[in-house]
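Two complexes follow with chain A in common, the first pairing it with chain B and the second with chain C.
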Partner chain A sequence: MITRILQHELKRSLRDGRTNILFIGVVMLSITSIILSFRDYQLIHEQYLENVHQVRVNWESQAEKDPHDAAHDGTYVIKPIYPLVIFDKGIQAYTGQVVHLGAHKRNQSTINESKDRSGMFRFGELTPNFVLVYIFPLLLIFLGYNVFTEEKERQTIRLLLVQGATFRQLSLGKWLALFVQMFLLFLSFMIVALISFSFLEKEVQVHWSEWAGLALTYLLYFTSFTSLIVLVSGKAKHSGSSLTILLSIWIVVTLIVPKVSTNLSGTLYPFPTLQTFKDNIIEDQTNGLNGHNFWNEAAQDFQKEVLEAYGVSSIEELPIEYSGLLLAEGEKYESEVYTKHFDLLQDQYKKQQLVYRICGVFSPMLPTRFVSMALTRTDYGFLWHFEDEAERYRVTFNTALNMNIAEKAKGIDHYKAEASLWSSIPKFQYQWQAVKELFLNHLAEYLISIGWAVFSFLLMLFVNRTIKFV
Partner chain B sequence: MKGITLQLIKLELLQLIRDKGFVGLMLLLFVLMLLAVFNTYQYQDSKKEEVIRQQEIVQQADVRLIAQIDSLNQGLASYENSYTLPTNGVRLTYNNHRITWLPFEPLSIIANGQGDIYSNYKKIVLYFNDSYEMTTQELISPLEQLFGQLDLSFIWVYILPLIIILVSFNILSQEKEAGRLSLIASQPLKLTHWILGRLTIRFLVINSCILFFTAVLLSAFQVSLYRNVEAFAQLMVILILYSTFWFLLSFIINLLGYSSGKSLILLTNIWVLFMFLIPTAINQIGEEINPVSSRLEVINHHQAVYNEMENKLKEELIRLFETHREWSSDDPVTKDMSNSTGWNINYLAKQYIAQIKHQPVTEAYEQQIDARNEWLRQFKILSPAMIMQESLADIAGTSTRYYRSFLKQAIEYAQEYRWYVFKGLFTNHSFTSDEIRSLSVFNFEKERVASSFFLDIGTLLIYLFILIVGCLILINKNFDY
Partner chain C sequence: MLQAINLSKTYGKYHALKDLNLKVNSGEIFCLLGANGAGKTTTINLFLNFITPSSGKARINNISVSENPVETKKYVAYIPENLALYPELSGLENLTYFTGLANKTYHKDHLVSLLKRSGLQKDAFNKRVSEYSKGMRQKVGIAIALAKEAKALLLDEPTSGLDPKASNEFSDLLKTLSADGIAILMTTHDLFRAQVTGSHIGIMKEGRLLEKFSSKKVSLSELEKTYLNHMNTAL
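Right after this comes the complex of A and B.
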């Protein structure tokens, strides 16, 4: 019986001109979004490679100078782009693209694309993720809002019951029909995305599990919507009221809950102001080691340690330039303080993430979005990881420059390193987070999505075990 | 006829009051507006506090410096080195920065606009690369920026049209589907007048609710409507025109005579079109037509210019002091790199030279951004939602135009300030307490952001005119009785 209902529903959809127009519209939007994202990626990737090269050229073409002056002038590391960005741009436009690596200071990434965009950018971009998160559920609603109400309005539901169908079979059959339509559309979408992806120029190999992970999260999202649609259509008296309720659910799920969760997370677990953040760092650094302060207690202790290690009684007797050692050690200490405070910020973000997870119980869009952004490396977790890696590199980079002073500047006034030093500093190599780690970090989101899909499905079966009709 | 009309109004009002769905929607609207105002108030309050805190930091640092200069002049304090003297310009390099800020407009609470992207203050120090750090970057989760804040602007632009659609999509179809249409048609009242009448009452009730909710909420959150009558009137005009647009659209769909489901799908599709598809398409086309290179290239250019300048530093410094003769000095302290004054002069001169050489590239880049934004602004006429959002952000003073104008003005101020301090610092001038007191203070010139209110109103009126013409055509075609 379920198969017959499924066949009947699919035929009905195929014959419906309105459905076909909507289908064609969404297919065109999907293809356009994939093509645009493909082009965007190519352009950004090209710019990324050019600029990374230019940053290095600039670094290596510096004049002879004091290595610590070079450390102050610093260099830049540019945030890499993961090929799956063609799927979801996530928070990319709102986060910095580059980190300035200088002496004594950890900088946040800066140059946000959003600052160069007009306010109209806030309406969104036509990306595959936009189509999947907003348009696909809308299409599903338009396809399925009247699966039951139409039968009720035309009284055909009586005929179906007379033929021996139960309400549960009807619900399952109609659910399956809607699911199959959605699945076929999504499958075509993924095939187009995969074909485009195969033409991309990329340095990183994307593991199949990442594609599977993406597909699974969106399928769970659509499954939740499919069940809700059949449920509402079963309970609503008229097609109009069914559509009204479903549209309201769509608005709450896709527009209101994400905004409310943002407000809640920011209110419950706010970040400190930049000034407070900086003041706290300065407070922690005040009595610590600083490469330019020879006189405080920490510097005196360090000096004693160095002298003991070399078995000499004064700085002048040291075989190396002491100021270089102090700068290198000071840099490590300062970086530790920065790391401590940035970790505190990350802890605060983890608390915010918990709020988003709780809000995910009210909107399947949230866990879907978080998994999608994580797998496409466009989420906050990626930004933190990149900035942490950049900071580790900054310490290595500064240590190399300061140790050059320690090793080469002894007895030389106004020491200037040869230009060859700059090219001897290793390049920044970003190590992408392991896929397994990403999946584990977002297990909660998957569980919420699965919970949504299973619960909404069971609820649909339970609520639609009897359907009222006049 | 008059009697019937009055009866219709009475009946419709009664029906609306008794309609749980309608009352529920109005309550929902109020709750959402309350949440939005509360959230924006909190958010902007913390931003205002931060601006005040930054102003106080500068003021306190100045007070300390003035006190130190006075103590020195009165012989109450002594300093080991000349470069640690409070009168030395080096102090203005590190300890006494300036502050520029964008003041909040009286009705800023209606829209966060770009306020979560830009900071409302910018520190002005003597050395920095403007193209690297456009504005002070507050610590904010980018997720907040991605999902956006719940503010009144969001509710009015996105949710209000949906509420209008939900209360008006089936005025005619509902009666048709319930089989009451022939009864209504038998009344001595034109069917079109009957639909229009019902819609007008809903329009009046919804707009009265919005006016009332807005007035109450703004007053409750310390916005004086009395002192800001003009801004409030502008807000109301734009809101009424926007809601009229959606009501007229709904009227047209009603006149088409489709079923409830079809009418709702059609209206929702139009909503999606204006809210998502047209804006995203315009953004995309805008980028294609006005491509802007990556800002990373600008940064790399600065770095390349800096290296080039360092390689020819002597010549560059000679050229600098020839151009700015008032900055050159024979004082040996200014040439001695082993003291802080000399080192700082050399360092700041290098930064300045690089910045000046780099400036044309930065300016060209900013012009490209402005050109693209201007292009996009022109095409906002293609969606009433875009007009509405931009207009609300303009009234609130949180639009991109406000922030970019602020940044431009801040950079101009920074240039003026640097020139003044460089003159003193490079000549080893002893700054007096009066000079510190009279350091220029930034003042944002709002007039430099041209108002687009009348243009927005005009465009919305054109939309209304088109819809009215559409209504008349449909009435003549479908309701010739």
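Right after this comes the complex of A and C.
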């Protein structure tokens, strides 16, 4: 029975000019968005490779100089771009792409893509993710808002029931037909995305499970919409009211709840202002170890420890250059202070994520969006991870320079390191977060999405067990 | 085959149907006459379980409709005033789908023969229903009933809006079906059609069945007189 209803619904959809036009429109939109995204990726990736190369060339081509001066001049690390970004650009355009690594100071990433674009960019961007999150549900609504109301308006529902079909069988058959249409459309979208992906120049291999994870999260999202559509069409008296209700749901799910959750998370768990953030760091650093301050209490304690370790009574008796040691140790301490304050920011972000998760109960778009951004490495999680990695590299980088002073500058006025030192400093190699870790971090989002899909489906079956049409 | 026992339906204080007692045996055509609001469609809807009775019972093949709606639907077919089919499908495709829903699977040739039997022109079988006249749609409805091998047929003003020729063809079809042993309950405003087609006639007013008799025992003029008498008399 259900198979017959499914086949019948698909046959009708195929013959419906409206469906065909909608399908063609969305397929064109999908292809265009993927091509645009592909082009953007290629451009950014080329710039990335060029910048990484140029930064290293600049670093290695420095003349002889004091290693600590070199540390102050610093270098740059460039945020890499993950190939799956062609799927979802997330917040990438609004976050910095470059981190300056200097002495004593942890910098945040700067130079973001949006600043390079005209104001018209704010009118919106056609990305694959935009098509999936906003356009696909709209297409589903236009395909399915009248699956039941049309039967009621035409009165074909009477004949269907007399012939022995039950409301539940009809609901299931119509749900399956809508799901199959959505699935075929999504499959064609994924095939285009995969083909484009195979032509990308990539520095990193993408595991199949990441594609599967992306596909799953979007399928769960569309499943929730499919069930809501069949449910509303079953309960609405007329096609017009069904369409109005469904468009209202779309507005709530895709626009209102995400906006409210952003405001709510920012209000409940606000980030400190940049000034407060900087002041807090300065306060913590004031009484701590500083590579340029030999006289404060922390420096005195450190000096005592060093002298004891070497079994000498004065700095002059040390076999190494003490200022280099102090700089290296000061760098470690300063970095710890930065890490502490950046961890506080990240803790605040985790609390905000909790708000988003709770709001996800009211909108399946939120968990979908967060999983999608995580797997495409375009979310805050990736930004924090990259900046943490950059900071770890900064400490290693500065320690190597400062230890060079400690080891080689003893007894030399105005020590200058040889140019070969610069190339001996290892390059920055970003280690991408493990896929398993990403999945585990977003298990809650998956559970909420699964909850949405299962609950909306069961609700549809329960509510549509009787449908009023007389 | 079709039986109403003290069947009533009320909406608040309004009695749409009150204590209807009615029996339609196999091979009989029972025509229910009455003005709008007399309770004719309510009776059909109760037999189809589209609405639930306030009291009393509707039975098909001795099975209570409200207690076993799925079972009773196996025995019944239905043609409303405007049979709604899927306009984007052909008559044959509509027949195939609705027959399939009744868990009947036939070869295409058999379905074609049913359409022929219902009187639909051969060249219309594969045309989209959007191009059909009302009479043609009603014929597809008959073919659906035939395919279902229904023992009872419920018709809600099926000839309303049909031209005389089409109405006549439809009446002949119903007579053929009743001759095959199908019990038919038909509501209509058309006294002539009821007298010509029906084996039994009932007159309804304000939810009550006022009178029922054999159509053979009354002429058309007597039927008209009786009907008007009832309509002009306050209950």
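Everything that follows uses one rule, which is that the second predicted complex is superposed on the first by the 466 of 470 C-alpha atoms of A that agree within 3 Å, B and C clash if a C-alpha of one lies under 4 Å from a C-alpha of the other, contacts with A are read in each partner's own complex, and residues count from 1 in each chain.
Note that in this section a contact is a pair of C-beta atoms (placed from the backbone, for glycine too) under 8 Å apart; a residue touches a chain by one contact, two chains touch by 3 or more.
Source: prediction; values computed, not measured.
Touch criterion not met for A:V463: it reaches neither chain B nor chain C.
Of the two partner chains placed around the shared chain by superposition, neither chain B nor chain C is touched by A:V27.
With both structures placed on the common chain, the touch criterion links A:V162 to chain C but leaves chain B unconnected.
In the superposition on chain A, A:T273 contacts chain B only, with no contact to chain C.
Of the two partner chains, chain B is the only one that A:N112 touches; chain C does not reach it.
In the overlay built on the shared chain, the residue A:R154 is in contact with chain C alone; chain B does not reach it. Taking chain A as the reference chain, the count of touched residues is higher for B when chain B and chain C are set side by side. Shared-chain residue A:D16: touches chain C; no touch with chain B. When the shared chain is aligned, chain C comes close enough to touch A:R4, but chain B does not. Once both structures are placed on chain A, no chain A residue is touched by chain B and, in the other complex, by chain C.
Within the complex, the chain A residues that touch chain C are 1, 4-5, 8, 11-12, 15-16, 154-156, 158-166, 469-470.
Across the interface of their complex, chain B is touched by residues 18, 29, 36, 44, 47, 50-51, 54-55, 57-59, 61-63, 65, 73, 76, 78, 90-91, 94-98, 100, 108, 110-112, 114-126, 130, 134-135, 138, 142, 145-146, 238-240, 243-244, 247-248, 251, 255-256, 258-263, 265-267, 270-275, 277, 345, 349, 352, 356, 380, 383, 414 of chain A. Only residues 45, 48, 50-51, 70, 73-74, 76-78, 80, 82-86, 88-89, 93, 97-103, 141, 144, 148 of chain C touch chain A when the two sit together in their complex. Chain contact summary for the complex, chain B toward chain A: residues 32, 35, 39, 42-43, 46, 50, 53-54, 57, 113-114, 117-118, 132-150, 154, 158-159, 162, 166, 169-170, 173-174, 177, 259-262, 264-265, 268, 272, 275-277, 279-284, 292-297, 299-300, 303-304, 306-307, 310-311, 313, 337, 369, 372-373, 376-377, 380, 385-386, 389-390, 393, 399-400.
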